[in-house]
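Next come two complexes, and both contain chain A; in the first it sits with chain B, in the second with chain C.
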Partner chain A sequence: MRTLANVTELRTTPAIRLEGVGQIYGAAGDTVVAVEDVSFDVEPGKFVVLVGPSGCGKSSLLMMMAGLRHPSGGRILVEGKPIDEPDPDRVGVVFQEASLFPWLTAEQNVEFPLSLKRTLPKTERLARARERLDLVGLAGFEARYPHELSGGMKQRVSIARGLAQDPPVLLMDEPFAALDEQTRMTMGDELLRIWAETKKTVVFVTHSLTEAVYLADEVMVMSARPGRIIDRIKVDLPRPRTYEMLGGEIFGRLRDRIWRQIRTAA
Partner chain B sequence: MSLTPKQTRWLILALVVVLWEGLPRAGLIAPLFLPPLTQTLAAGFGDIHSYASHLLVTLGEVAVSLVFACGGGILVGAILGSIPKVGRLLLPLFSSLYAVPLVILYPVFTAWFGIGSESKIAFASIYGFFPTMLGTAAGIATIDPQYLVAARSMGANLPQRILRVVVPAAIPTVLSSFRIGGALVIVGVVVSEMLISSAGIGYLITSYRTVLDTPRVFAAILLVLILAIAFDGLVQLIERRTSAWRQSGRSPVIPGKAPRGSASAAAAP
Partner chain C sequence: MTLSERQRASLVRTAIVVALFGLWELLSRTGAVNPRLLPPASDALATLFELLGRPKMRADLMVTASEVAVAFLLAVPVGAAIGLLIAESRYWGEVLRPLVFFLFSIPKSIFLPMFILAFGIGFAQKVGFGFFSTVFIVAMSTAAAVESVKPDHVTVARSFGATRSQIVSRIYLPSMMPVLLEALRIAMIFNFTGVILAEMYASRDGIGHAISTWGENFQMRQLFAGVILVALIAILFNEAVRWAERRCEHWRT
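Moving on to the complex of A and B:
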């Protein structure tokens, strides 16, 4: 049995913690406040979706969590430690599109982050890459180049690459935005399956409210510039999520609430 | 019945060969202007030693100029392409220089370097340098920044980002500018040999022309053609080897089949 103290201890180390995070662009005198005073915790294993009007700084926020940009104020902790630079052992990132290297095969793309540190021998790295491709449902496509894959398959490779070093946190910046509706739905289900299998903490940025509600444990709504968190909405739909829920009463109510927030915020 | 593009190309080539032989033989063109193909080949093989030694001079000049033009062009282009500030400062200047007919400099080069190989190398190097440099700079400057962000997110440091992202991403554009620059090097060498020189295929063309020995002139021209086509074929081969991933077809296809993207003719003089 766990003691109460231990449980409290576990609860106080969130996967991601943002403390008063802000982002200001531009030189002195001519500055734009992109993100202002954002604080929140993401518990381990949770699926959090960030939504908000265009240009509200949700991608900026994600890039800061990835260590790709430095906040102008506040701090970001991943697994209890500050993230000052990209750390693929803690955080994997999946981008919108075209971030796979076209000169590498699917397998080599997934192996790329592993090859940077050379801690594993090549055969083991490739075995790991194949394992990840298998996880995202691309067994048999290892030798394909990105141009030989469909949009959905490319994003599967991106997810496999983001998971290559088995980081506890996966950040996704509108990963399915360039896909058609049907592929997008399928990829949503696939992502939920992968998430359930790997038990990662996911922060997912999207424009689609349906996608947000369908995927999330919690939806965070951001305001227009300067971006702030103006609402946090728990999605208490049971898992696994199914297509039938999309037409349900709870689903509609949640989506309406998010839409009203965004409309007033924009 | 319809012909594939490849068959059509061979057919056109065959037609040129037939006309080259047939028109002078039929008396439709004076052999002074165009000697029959067989006569041209006979002239060439008759003097094979002379042609070979002059070809060797030309090849040597081309090889050294290639190193200067393409090596230098790729190096300078890489610097200008990867440092935007320097690029913005110098690229417009170099672009306008590229438009200058550089052949006007050749008399100066002969004064500086003499009429031997040095002046040819200097001229051809500068002639081939500009397109290689400009192409490389453009190729590197237009690399999708998303690739570099992605590499950074995976923990790649600066040397890794250069060697494993910038270099492979730039190879196709660098190779195609090398192809253009190299063709211009051949042009530069042959043209300068034709102007003022004492050896080389260009020198042969000029000296045979002044004595109206057209079959030997054409034999030399054929040799230059073969040289240019061989160079182009070589670069195409390298392109196919290194850029197998770069395909024209966007749709998912079965790997293994590699259709060529652009197929342009050799830039022969």
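Moving on to the complex of A and C:
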């Protein structure tokens, strides 16, 4: 029995596994069910996007995967082990705009996660930070403070910070929501390039259906509160994704399907 | 040669100060204003240097400086503790916040007679009144500083596995720094005012006492010298903290 379990695990340990995850807010008598009975696996190296109407609990779900919140029911495994508290060696998180520390330079922001553990000497930590900034295309901007960077650049720093400890899983909570459309498109392409280079498992939350289809291997659609997964859509567009695909027939069909799901769910 | 806007502004500013002193000098020297009421600026400045050479004057300055320092060093931690309690505990915030606001709004000088009854007219009364003048503004500013910490920044730090003490030292402190520096600067204005006021009201020494005595005895040159001295000390401290504030200006977002 045990041997068999081990064999199965070896063959198919998903990067992330959710088993009947639920989230209930509030005290007895006055509770809100934010997330209800969500189960899915994300295979290593996949790019999964969560979409759904506002307040459907997609961000809650992401925060639970990050270990920042505890599910009220069910369990979450990352790399085969439960995630009870934030573990930056397994999971990196990229937040919405303005999550950079304004009192630190770009380089110091990226070094911040590494500096908390102090397992590496300072020079090595800074070298690693510069390497990550280089990866996100910000070589030469190490000494800039966040207020000296554009919105897109700030989010590049944020991605570099999420990757600082080289975690296998990267969770992204509407990272491009505050950007203008042009910057958003560029950042999408940049993210896909970084993802292809680093081979991370990505879970990405967004409001934009176009962004969802453009980025994802698989789109998971959530219902309005209580949030449940109501559809899982494989995006079988080839990679690398290109701008031309946006006008294509497959793209339109996928986006329509998601939109119909969200409209009926909301 | 063209000057930048900032250079031009500072040039004009200097010119205004020089012109005011010039006007003062002129009004007195020409007799347009009675020189016994308004001694010439140059006389006041000369008197200032002469006064600074006197041991009695130095002693008075030391007394005032130590009163201000002790009152400040007591008021800041106590006020900060109250401010933290208000900002971090929902219950105590609700209880204390209005009280601190009520007390802050009252002119502190009406309590001076009570301070004299309680503490006499010595060191303790000055420190007590300086403390009383300062502690509420420190409490209010500290609460504002704590509330200026962005919850998102705390969440980010937690997601990277920061401990409680790391969150305090690496997120709370730097986030609060700009507001806190401004608070210290304003607290010092209140503190200095409180101590000087207490000295002028009832005292045997200190620069405030000296100034009020010169005024009563019609020693106008000394009076003006004293006013310039106190003003300079206050401005210097204020500018020193403002310099530090400017260095972390970009932290405000």
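Note that the second predicted complex is superposed on the first by the 255 of 266 C-alpha atoms of A that agree within 3 Å, B and C clash if a C-alpha of one lies under 4 Å from a C-alpha of the other, contacts with A are read in each partner's own complex, and residues count from 1 in each chain.
One rule holds in what follows: contacts are C-beta pairs under 8 Å (C-beta built on N, C-alpha and C of every residue); 3 or more make two chains touch, one makes a residue touch a chain.
All figures in this text were calculated on a predicted structure; none of them were measured in a lab.
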TODO: Give one word, clash or fit, describing how chain B and chain C relate on chain A after superposing.
DONE: clash
Open item on the list: Quick check on the superposed pair: does A:R144 touch chain B, chain C, both, or neither? Answer first, second, both or neither.
Closed with: first
TODO: Would you check which partner chain A:R257 touches, where first means chain B only, second means chain C only, and both and neither mean what they say?
DONE: neither
Open item on the list: Is A:P113 touching anything from chain B or chain C once the two structures are fitted on A? First, second, both or neither.
Closed with: both
- [ ] Applying the touch criterion given at the start, work out whether A:L68 contacts chain B, chain C, both or neither, answering first, second, both or neither.
- [x] both
Task: Partner chain(s) touched by A:R193 [first = chain B, second = chain C, both, neither] - done: neither
Open item on the list: On the A-aligned overlay, A:S99 touches which partner chain: chain B = first, chain C = second, or both, or neither?
Closed with: both
Open item on the list: As a test of reading the superposition: which chain, chain B or chain C, is in touch with more residues of chain A?
Closed with: B
TODO: Applying the touch criterion given at the start, work out whether A:H207 contacts chain B, chain C, both or neither, answering first, second, both or neither.
DONE: neither
Task: chain C-contacting residues of chain A that also contact chain B - done: 66-68, 86-88, 91, 93, 95, 98-99, 101-103, 112-113, 116-117, 145-147
Open item on the list: For a test of understanding, state which residues of chain A touch chain B in their complex under the given definition.
Closed with: 66-68, 86-88, 91, 93, 95, 98-99, 101-104, 112-113, 116-117, 143-150, 153, 161, 164
Task: chain C residues within the chain A interface of the complex - done: 150, 152-153, 155-163, 166, 170-171, 174-175, 177, 248, 250-253
- [ ] Flag every residue of chain B that touches chain A in the complex, lowest number first.
- [x] 144, 146-147, 149-157, 160, 164-165, 168-169, 171, 243-247, 249-250, 252-255
TODO: Please give the residue numbers of chain A that touch chain C in the complex, ascending.
DONE: 66-68, 85-88, 91, 93, 95-96, 98-99, 101-103, 112-113, 116-117, 145-147, 165
